[in-house]
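One chain, chain A, appears in both complexes that follow, with chain B as partner in the first and chain C in the second.
Let's turn to the complex of A and B:
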């Protein structure tokens, strides 16, 4: 069993690595988006799916890291390979502070405070006071000089690492402690779990990986501006993906990201003007009729084993 | 000095409308337990309601403000009975994500049908002098309307039987149920009232500012700041919070910049949640 699973993963990876050698640019860019959103959704799931603290500020991670790396590339002529991790590291470090301050706020208030943080940062980046640094509301166009296949392999590697990390965490004692926080934080604390520390670690990990994907995302777009970087859609889309696949499962977000990127592609081409409305309706439908997600549903029905490793 | 007083008065007038939006949100949140992210979209719908009534039916905008209350009340009750009542026993966050979906559904539909054009109701234009300062006519009338609606709301909640039922449901839903109060009905009525407040505020907004499909976003962030300032479910607190946000916005716009004024709601939310999560006022 174990060998078979390992073998199928190896074959899948070999296939994904070889894609740039035979596929057209269109398919490569589509796969890049799938992988970027896989990291976003898995990163969101890593923190929110396990701890139950709904993070409505994913766009903040994406935007901060995207801005740092884009400005390093655009204004200081840094190599993308150096700018990306610096952006992500910066986001991770700031997130330790943010997490330390905001993670004492619980439930809905935490969600709102993260939205407020994102909106506030977006407005701040657009003001005249920060224009010398951020170029203000008109945004930063830049060229990173990276070829499409290289970009693809980078994000493929990142997605692979993120998923392995999620798998390890979900089936570890650390993951179990985070689930205990989700189920009953006070009880978890009584049992001797250092809840604040564990929450901050998960929050920071999520920030780092989502931030790294965010840096790659904006390098791929060759452009960044405040509205674009701190867009609520960047928070919303990964949440929908994770919800659809199954919150708190390892592979749910991957399924959600793959499916919704293709749905996006079709809807965007056919129904551009109503795209967000359909998205909103899907979100409402998921909460009302399908709250456990695809993998959660399959586990409930006994199609898949009830394992935390899935 | 006159200038400063003028800015202050302008802020209070602005704040009275924000307070309506905030009171609607805090009422639904406190009594029904649903965090309605789509609340700002009902402000937008209220504004368009007044706009279309004015431009197509040539209805007096003041009349549309009055009319918007029953229309949005029943609309809100319907939405609650069909959709949000199912989520009462679920986690608060389910409702949060659901109303988030509702919010983008509504604004995108509005955008689709009414396009992104900026529109306005040109009804009461011009200024008039008042005790040495100059006031805009539309804003003064809006202020009077907002104060009137607020007064009616307070009297209703304080003295009417229904209002007492709503307050009882808010304080302890189970005990209220035992005392013979139909809490399901109370929740539906409260949800309707909250939406009606948002709709009426929107109709008032259309008198003084341009309206567009995505305007709800700025109102929802202000409404959240107001709820957080006043304390959850605290109507009087929301009124005070609305006035505070209005005055702050007016002052910052004047002395710093309009862009900086847009940071106020987010900053207020973060500061208050960290320093005084129960709001500024004791309940």
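Let's turn to the complex of A and C:
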């Protein structure tokens, strides 16, 4: 069984690595988006799916890291390979401070404060005060000099690492402590769990990986501006993907991101005018009938084992 | 010897309400003490102050001679204070085993052994891979006790451990508490059932309106006129 699973993963990886050798740019581009959103959704799930703290500020991670790396590339001629991790590291470091302050706010108030942080940062990045640094509202067009296949392999590697990390964390004691926080934070605390520390670590890890994907995202787009970088869509889409696949499961967000991106693409191409309506209907159906997501549903029905490793 | 717990002139107000009104007492190590009093007397508030869930407005709490006032709940827990809640607060979407492992400290293998010992103690070893939400009420109470014992606390606060469970299970639970007490654990038990207190505790402390109104061995407390008045409205 173990060998078979390992072999399947190896074959899938070999296939994904070889895609640029035979696929058209259209397909590579589509896969890049699937992989970027896989990291977004998995990164969101890593923190919010486990701790139950709904992060409505995912776009903040994406935007901050995206801005740092894009500006490094555009204004300081940094190599993308260096600019990306610096953007993500910066985002992770700032997130420690943000987490320290905001993670003591619970429930819906935390969600709102993250929205406020994102919106506030968006405004700030567009103001004249920061224009010398951020180029203000007119945005930053730039070329990183990276070829499409290299970009594809980069995001593939990142998605792979993110999933391995999620897999490790979800079946670790650290992961269990995060679930304990979701189940009953005060009880966890009186049982000796340093909940604040664990929350901040998970929040920072989430910020780093989502931020790294954000940096790649904007390099791929060759452009960044405040509205685009801190767009609420960048928060909502990954959350919906995670819900779709199964919140709190390791592979749910991957399945969600993949299916969602493809359905989106097909609907967009075939039924441009009706696409939003159909999409909304599918979403409502999912939330009504599969509130635990595809993977959660399969675990509940016994199609898959109820393991934290899935 | 230093008392394991010293409550020193503790005051806690909720707005105008005095939840605890200059309350002081000592708990000796190795005892079982009953904490009694009508609803709203301040018993649970006291537990919350000892475990750091709430901070007192005035006064001090000492654990084994060391001040713990103002410490965070997890710090106090790590110093050896365990606590159950009036409402069961286990982690329902975890298996029983995960419920224990998550609060254990140290090497995986030793933790596993300890968890298995505790499951045998509360007779839940067969169910260790079930989800905690699938347990009956009584079993959940036992699980929450096992969970509290997992980090090996020295002082254990139990908020109505016998409430809502059948007499057989109640007897088993109390027998378990006595066994742990013989191993040197100190217990403070909040309980409304006076029989439980009188039969199982060596000492009792009575609270009313946040004030300590009586303290002593159970046999003495039982004859306390003022206390009986509070309890039975004589």
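Note that in this section the second predicted complex is superposed on the first by the 290 of 310 C-alpha atoms of A that agree within 3 Å, B and C clash if a C-alpha of one lies under 4 Å from a C-alpha of the other, contacts with A are read in each partner's own complex, and residues count from 1 in each chain.
In this text, contacts are C-beta pairs under 8 Å (C-beta built on N, C-alpha and C of every residue); 3 or more make two chains touch, one makes a residue touch a chain.
Note that the coordinates shown come from a computational prediction; the quantities given were computed from them, not determined experimentally.
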Contacts of A:273 with chain B and chain C, given as first, second, both or neither: first
Partner chain(s) touched by A:191 [first = chain B, second = chain C, both, neither]: second
Chain B versus chain C as contact partner of A:236, first or second or both or neither: first
Which of chain B and chain C A:113 touches, first, second, both or neither: first
Touching partner for A:179 - first (chain B), second (chain C), both, neither: second
Residue contacts with chain A in the superposition, chain B compared against chain C: B
Partner chain in contact with A:281 - chain B first, chain C second, else both or neither: first
Interface residues of chain A shared between complexes with chain B and chain C: none
Chain A contact footprint on chain C (complex, rising order): 51-53, 72-74, 76-78, 82-83, 85, 89-94, 98, 101-103, 105, 147-148, 150-151
Interface residues, chain B side, partner chain A - complex: 35, 83, 86-87, 90, 92-94, 96-98, 100-109, 111-112, 221, 224, 228, 257, 259-260, 262-263, 265-267, 269-270, 273-274, 277
Parts of chain A lying in touch with chain B, wherever the complex brings them together: 52, 54, 56, 101-102, 105, 107-109, 111-113, 115-117, 119-120, 123-124, 126-129, 236, 239, 243, 273-277, 279-284, 287-288, 291
Complex contact set, residues of chain A against chain C: 173, 176-177, 179-180, 183-184, 186-195
